[in-house]
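The following blocks contain the structures, represented as structure tokens.
Two complexes, one shared chain (chain A), two partners (chain B, chain C).
Let's look at the complex of A and B:
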């Protein structure tokens, strides 16, 4: 017999675990498998210290120290002809490693090669902005600041880009709750009506299946409308039967065509005939 | 063919139609509902389709206006983010009374599938809503039906009621 497991909050937990699931890993190849990449790597090692290097999905991945990011990207852009900075962002590893992984994805249109420069910074430290080299970094670094709280030094306009400026917290951190912290949950109420309106408006309704049948301030049942805010709990709901035009009977030129239905006059049969 | 002759012997004998102020005012209001040109997300595409020739809002007297000062209906068509909530409230406040609000689609009603930190969980947390319109996104027919329900609501109420400002708080 299976051991009993408590069923409280069972929907909130992960309900399915594949016992045979193996996290896929990408095959890493040596940098010397590709002649173009090995030349790039050897050229870059003269400029900065490279901690680790490998090929992954035909990308050259280089791990550098965070203080070398400007010189490495400048070298890749000006000497190695990687003329596009395609993508720049961070990955949250605060819980496991105590910091963030920052990656710079670059593309060379002349060599048709892609290069990824990776670095790791401790939580609370800043990184130098690559905005002077690539204008693309302007918005990407602002997004990185907005979502993770990583400051890019010497950035021309280090402000939030997606969230409002008076937002509290950085939403893409793993520690940030999906439904928002307290400041986020009351954001629009605090901003528009003020903090004292919290009690009047009430908590957010996060249950997508919630239906309050007796709420007469926001909903009215079609055909069963009552005045705004009427209390219809405990059987106080007024009887609003569906009325049809024919209820009074239909007469054409004084001749009754449809006689009105009278509930009192009707007879219920006790058994089937 | 226009009739210039007054028929005193038919129609009760006089060229007069009797009605109430309520009915007259509500007739005017409900048949010239001017919504604001205001779209937030994909529901706005359906709203545009409803306004365009196939579904044709114009035959209801519903003409989209480019300014909140000239509108009396606000169709919240799409996802309302928390960043945008204050602007929606400001636009609503700029509309002259009487004014009505149609919350179009799941996102505007309850936050919909965006059960996240950045989305307002129901536009009625910010402004009072008259008609909630289900769907993701609602078909143009649904928006037409919602407009007709709103017309019905306006006609069924005394016209002085609409002048009373609805307040969330």
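Let's look at the complex of A and C:
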């Protein structure tokens, strides 16, 4: 029987797991271990509800409710002097938790500190765009939408950015197939020529370097040329020896212009001149 | 009736008969000055840009998806293909992120070699920028000169790792090889040549009337705009913020090294040009300090962490357990601790960040690659309106965008 493959997560998985091996977890420190971060945290708790807070590898990680994202980032930007929103995107936890984690990575150039605001949204819900606070969110949220299908409300241009506009599916979802799918295989044929042309054209050639040596319409057979479109399958391949020169050289009015090439008389140099 | 499965016929390049008399022009993706695969849809009023719409994604290879489906060591050569002009900085950022996740540190000699490669790569990248940017603006000879010196720098890279463009010479936990014989001498010779040559480039360009007319007050990015758009690196420093991660949030050997962080208040293309030139001098200054550090360091090249990193060849060939460990690491991959890490390094383009979420399995659960050029392209939609069509080429070239890392 074929091994069962879960459909909600088609990503590559380890083929062997030691039953007795326990993977360690990164140590999380208390927010009060760092005076700057603890002040930031206390200031932010007055503004929004913070569900969880800890320090992980020199980062302050704050968990907030998704509807608070604008007020939290606004507070971090204007009051706490986190003047850069460095990165924002999502993590797919649809299979295990039924939604996405969204992270906002912020940087303060005056304090030299990094802050990560995280929130969790259910699958199918949208999040408010932070574009009015940071213009970089214009492109980042488009990328997030493109990759995960998470819509940012009140975004000026909520369209795909990296994938073609008419693409189906969102590539960074764990359910997205790794090697393309049936629709992608026939995508161009269907779009350009229509579905009825599938039989005539055939599916997409995935190997861009593939060469069919018997195809005399699309490939010229250098040194072994045959007329265009000749059928050379089933042993009909003509014997065409490679010749670079006419036999006996070229003569004009009986005077030799090009002497014939003599393989025996050539000299091989021992070293480069 | 419209057939939904057919491509609609449309005139791609020019929209005719618009009432407001603007013209829509497609700039790229095959335009030689589009620096790769940038498609820029420009709305022109006469020769003035009224609206700009950068369209990216022509080089999208799904690197984040690839990263999630490869073991950690397997992904390293793929990072080369992000910013392919400065491959080592991508490798280094990735290696540093994974090392931080694992809680290991590369030995000192490895760190010295890495920093040397990083700075040579910065010079290569800046020379490439200078060459192509000057060519875009019309200075053909600078292109030829700068590519000659870039060739010498690439020869150095080739002598070290065998590759010229995609190096993969940094590994998680250190570097695989020591510097070859006479490499340091070659580096010193190269720096003498480069120092002379940069002066020649500056002589050709800095006070050149045409160069200044084309660059001064073109592509002005005010500080607020740069911060809002998440601009980093030279674009940010060109907008009057003295911010270099090597100095402000240092990593590796940078706390021990002496160098200046140049910045410019003019916020225009000419200021950014001057910064590029100055940064090459600073890179050389760093390289000169690294040479004695290399000689003083011990010969160990890879960190000792048998759980995560394969042992040396010698140990593997003599000790059974090391060999077993190596097999497990190659076939199954290392299993880093559960947790999240974001590590940012100063690549020649700006802040290059790797955000890795590990769930304890050999495959990262999520890998977000923060490429600086992504937002340096995004800013074009706010920056270009108001400029002349000819300045568009200057600005694109000046922002030093590389499409390998924008589209990933």
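Everything that follows uses one rule, which is that the second predicted complex is superposed on the first by the 191 of 273 C-alpha atoms of A that agree within 3 Å, B and C clash if a C-alpha of one lies under 4 Å from a C-alpha of the other, contacts with A are read in each partner's own complex, and residues count from 1 in each chain.
The rule is simple: a residue touches a chain if its C-beta (ideal position, glycine included) is under 8 Å from a C-beta of that chain, and two chains touch if they have at least 3 such contacts.
Small disclaimer: the values here were computed from a predicted structure and weren't measured.
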Q. Given the touch rule stated above, what does A:192 touch, chain B (first), chain C (second), both, or neither?
A. both
Q. Does chain B (first) or chain C (second) touch A:91, or do both, or does neither?
A. second
Q: Considering only touches as defined above, state whether A:201 meets chain B (first), chain C (second), both or neither.
A: first
(Q) Just checking: does A:109 make contact with chain B only, chain C only, both, or neither of them? Give me first, second, both or neither. (A) second
(Q) One more residue to check, A:25. First (chain B), second (chain C), both or neither? (A) second
Q: Could you tell me if A:177 is touching chain B, chain C, both of them or neither one (first, second, both, neither)?
A: first
Q) Looking at chain A, does chain C or chain B touch more of its residues? A) C
Q.
By the touch definition at the top of the document, which applies to A:164: first (chain B), second (chain C), both, or neither?
A. both
(Q) On chain A, which stretch or stretches are contacted by chain B in one complex as well as by chain C in the other? (A) 163-164, 171, 176, 178, 191-192
Q | Partner chain A, residues of chain B touching it in the complex | A | 82-83, 85-86, 89, 110-111, 115-118, 120-122, 124-126, 129, 132, 168-169
**Q.** Interfacial residue positions of chain C with respect to chain A in the complex
**A.** 3, 5-7, 56-57, 60, 62, 64-65, 68-70, 100-101, 225, 227-230, 232, 241, 243, 248-249, 332-333, 335, 337-342, 344, 351, 353, 355, 357, 360-363, 365-366, 368, 370, 374-375, 378-379, 382, 407-408
Q) What residues of chain A sit close enough to touch chain B in their complex? A) 163-164, 171, 176-181, 184-185, 187-189, 191-193, 197, 200-201, 204-206, 208, 218-219
**Q.** chain C-facing residues of chain A, complex
**A.** 11-16, 21, 23-26, 56-57, 59, 61, 83-87, 89, 91-92, 103, 105, 109, 112, 114, 116, 134-136, 138-139, 143, 147, 160-164, 171-172, 176, 178, 190-192, 194-195
